[in-house]
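Shared chain: chain A. Partners: chain B in the first complex, chain C in the second.
Let's turn to the complex of A and B:
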């Protein structure tokens, strides 16, 4: 009909590819919760243990990163008003990546620290390079560069750094060569992953999506811009000073810069929330609010850990890790999924009928009551697990992991219902 | 030939699926020009880079094209003046609990 129709098809996200990533991620979420439940008695002590490392990588790679890949294939073209560089690469990447995740999770589980683990890490690197290449070339054609794009570009850089450091660690487990301690490198790998990769994506996307969902208007993005530089300079500083001796003062300075950056991000989100027009907290926003709160608590705990000998306090790193993966990131992902998945399915099925026939609105796409049940189960599970890890309650951990597993089943059930709507 | 008011009424059929309110009450439609062979709709969106970006303009084309099939439809998406909540009608505000 008219000119802008071509724009529609040009930006249209490839539904089939996005949903493939989402489905694989959700299955990983259920699997990892099932494994936690079955092995709740082994989840204590030092974080460097086969089962914990395995479950952790199912969480970070199979669940978190998998879902970010899918979401970015969906969001980057739309937010930046350009077309995904290659859908075929996104498809190829999926299968390579899946193989790598399964390989690495298996190797950690049986602690097979040889050629297969290294090969899995190489495969994962390959998949991440393909992803970065695809997104970088998509960004190359951007007409309007904005803050979100800046955050996403930085995130991709850290994804690659995480992947390479991960590979070096895998090789080191096979044939030790790293002069600085393995655990110190692991520390860097984990923090670059959580702050540089995952959080930079979360932050960049939050600045875009939260105002859209809450209809916020009339605020400045000063804190968001400051946060960007603080976190980048801080992470860069930490990674660099680690290579030299006698840099304790600099290390702490850069650490505090990152902490301040995260605080500024939270401040920015608070400002956006305060300026919101939609007063009612819909389910997605409810999950997200708890997640942001958890990010604040995690940051406080992380700062504490940076300044003490963390190995002297039992389960401290497990509490920290659980808080990051479940309290902060998983709560946020689940909340955003209640926004993104109904939208994608709705768009796919009803977009062509708008104005011509009655179509449902997004909140009719799923039963919000079930989602609320999931919210309370998941929130209780997070609090229960943290309490049980901190105060060594085996029965408490078993109950909490059961609750989390049930909540993940409800989540997948709700998502399937939306897909079938 | 349809007058402006009728076109505004037709545009009320386009509902923002996220908010559940139509684009006219949201104050997104800035101007309607109904000429002999063309309908020109000048409108905005609540946020630039909104995932609905391209969809909403297609929906507008679809409903107007369906309403007056003999005419061309052009949707002008503008960012100036920027949308503010003040542009919403009272009904829309009430629906949002403002």
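Let's turn to the complex of A and C:
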């Protein structure tokens, strides 16, 4: 009858686990920028080549998805208003997942397409199933089912689809069996990953966190709801039409639906922004604004690619991919980390002392000047890389990748400073 | 006729729980809303003024099935069922707009729209009490609000007011009026139960709606030192502070959040008492 204490305290974010995921992700970010810099001369031509595939998977699995896992474990009580089902599962998942990421990145790098790559893909699948299981059981206890929870549920579904399609592709590289083009499935794998998994999480969490930190309310979520259905129906449609031949018309229709959904998402973010009470731009919002802008540009480019025979313009896919990974997602993640990590550390170390002893305020947790320097470096690196990729400038690429590498060093330096605060 | 215990719809929850402690289980089974009642201080703070009818309405459960369950838990007799169906009948009549309101002339009805007050972040309680004070016996007070102010019914009932509520879209219109015959019916027993409840002597109000995380938490935790056994901390918040709960728990406090509307929560924080 007495309220159990363990239930209440479980709302506190699991600091150790979340930090583990975050640090692993940040290290991946630095590693991938280092590898890009070392191999800047081979980043051109067709995207289907070992080095690019390897770096790409360090980015998507080691950096982006790793951060999302950690952030989800931290944000569950805030965005779903319930407690995480199991911290132990989150811990087990981390080690399995890390092994899988390293295995897969290595296999792509040396293009070892045999059993080891398939094994790595199986290990990654296992980790993602554990994650989905953990979050699904967490969602079971959600009392007030809200829009964000809907987005996250959909994201989990696409994560699993991405993982399974990835595994099938790995097996196909080992013993070819796919009748339709391997590249077509690769296309599906990539888009389900970026739109279904990563963007669904970003959108769902944005609807919750942006109003929270800019104090915005009194707006309707109509566009967010429309975006949800459009993107889901569109992605489902695209995935289904891929199984058949001669479905050009349907493919274009569903693509446009997804594009419209993304536009509606951006519109919703704009509306939330308009209604904010806090007018001051903190560093996180600066990064995020550029990221949302990049999402718009990427969507336009993606639409163009979908309607044009881009195989003749090889570098266009690289430009597109770079824009998604660095311009849109990495910018957004870095920006959000400047809010999420200080809060995580502050909550863990100081919230217990408030009112009893002097504690630092959030903005004392890191040097904002360095963060601004990082922002400008990263932003110029993104623009420079896009220019150099599009116009095949080797020296431009070298400079831009160096800038990006330096900015990633500043980033991890800032983050470590927060963790040690 | 055999003597048996009856829980009526007008019985105070606090009285019911005092007489039949095990009815708490019935409430808990009926709705998670009643979880607050497990806590003895909040039971005093909340249940003291709330009848079974109001409790059912707040928790959103069917009044008659709740009464049925409650009575079944204290009796094995089938008699209470009959009594309740009588009540159900009388309830239906009350559902129609009372004559006294229908027949009242327009200038006798005083309008008080409390939504602007609530929007500006204040509690309209003082305004309502001031308006009530000015009423003469045959005048009616019409309160317009965005949610049903259920605790207010009991407060004004103590002053001899009946109420009648209608809901149009999301707007509640609540008429408070005096029924001369009903005034005499108000028995003194009810008054006694009310006065027995230990009320909190001091209420500290904090508004954190203009603050971004973690400032609300800082402000609340800093205010805690002023909250003793007889003090109640009322926080106006823009969301449910999930991450604050463990911090309160650590320091021996507890909280109950009440959603008033989108982006407005009232969080009541009190010191835990050793049971």
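We take it that the second predicted complex is superposed on the first by the 411 of 421 C-alpha atoms of A that agree within 3 Å, B and C clash if a C-alpha of one lies under 4 Å from a C-alpha of the other, contacts with A are read in each partner's own complex, and residues count from 1 in each chain.
One rule holds for everything that comes next: a residue touches a chain if its C-beta (ideal position, glycine included) is under 8 Å from a C-beta of that chain, and two chains touch if they have at least 3 such contacts.
None of the values given here were measured: they were computed from a predicted structure.
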| item | value |
| --- | --- |
| Fit or clash between chain C and chain B when superposed on chain A | clash |
| Which superposed partner A:212 touches (first chain B, second chain C, both, neither) | both |
| Contacts of A:75 with chain B and chain C, given as first, second, both or neither | first |
| Chain B versus chain C as contact partner of A:140, first or second or both or neither | neither |
| First, second, both or neither for A:363, with chain B first and chain C second | first |
| Touched partner set for A:346, first chain B, second chain C, both or neither | both |
| Contacts of A:279 with chain B and chain C, given as first, second, both or neither | first |
| Partner touching more residues of chain A, whether chain B or chain C | B |
| Touched partner set for A:148, first chain B, second chain C, both or neither | first |
| Contact residues common to both interfaces of chain A (with chain B and with chain C) | 1-3, 5, 8, 10-12, 78, 81, 212-213, 215, 217-218, 277-278, 343, 346-347, 351-352, 354-355, 359, 361-362 |
| Complex contacts: residues of chain A adjacent to chain C | 1-3, 5, 8-13, 77-78, 81, 143, 212-215, 217-218, 277-278, 343, 346-347, 351-352, 354-355, 359, 361-362 |
| Parts of chain A lying in touch with chain B, wherever the complex brings them together | 1-5, 7-8, 10-12, 75, 78-81, 144, 146, 148, 208, 211-213, 215, 217-218, 277-280, 343, 346-347, 350-352, 354-356, 359-363 |
| Residues of chain B defined as touching chain A within the complex | 10, 13-15, 17-20, 46-51, 53-55, 57-63, 65-66, 72-75, 77, 83-85, 96-98 |
| Residue numbers on chain C that touch chain A, as the complex places them | 24, 32, 35, 38-39, 209-210, 212-214, 217-218, 221-225, 238-240, 242-243, 245-247, 249-250, 254, 262-263, 275 |
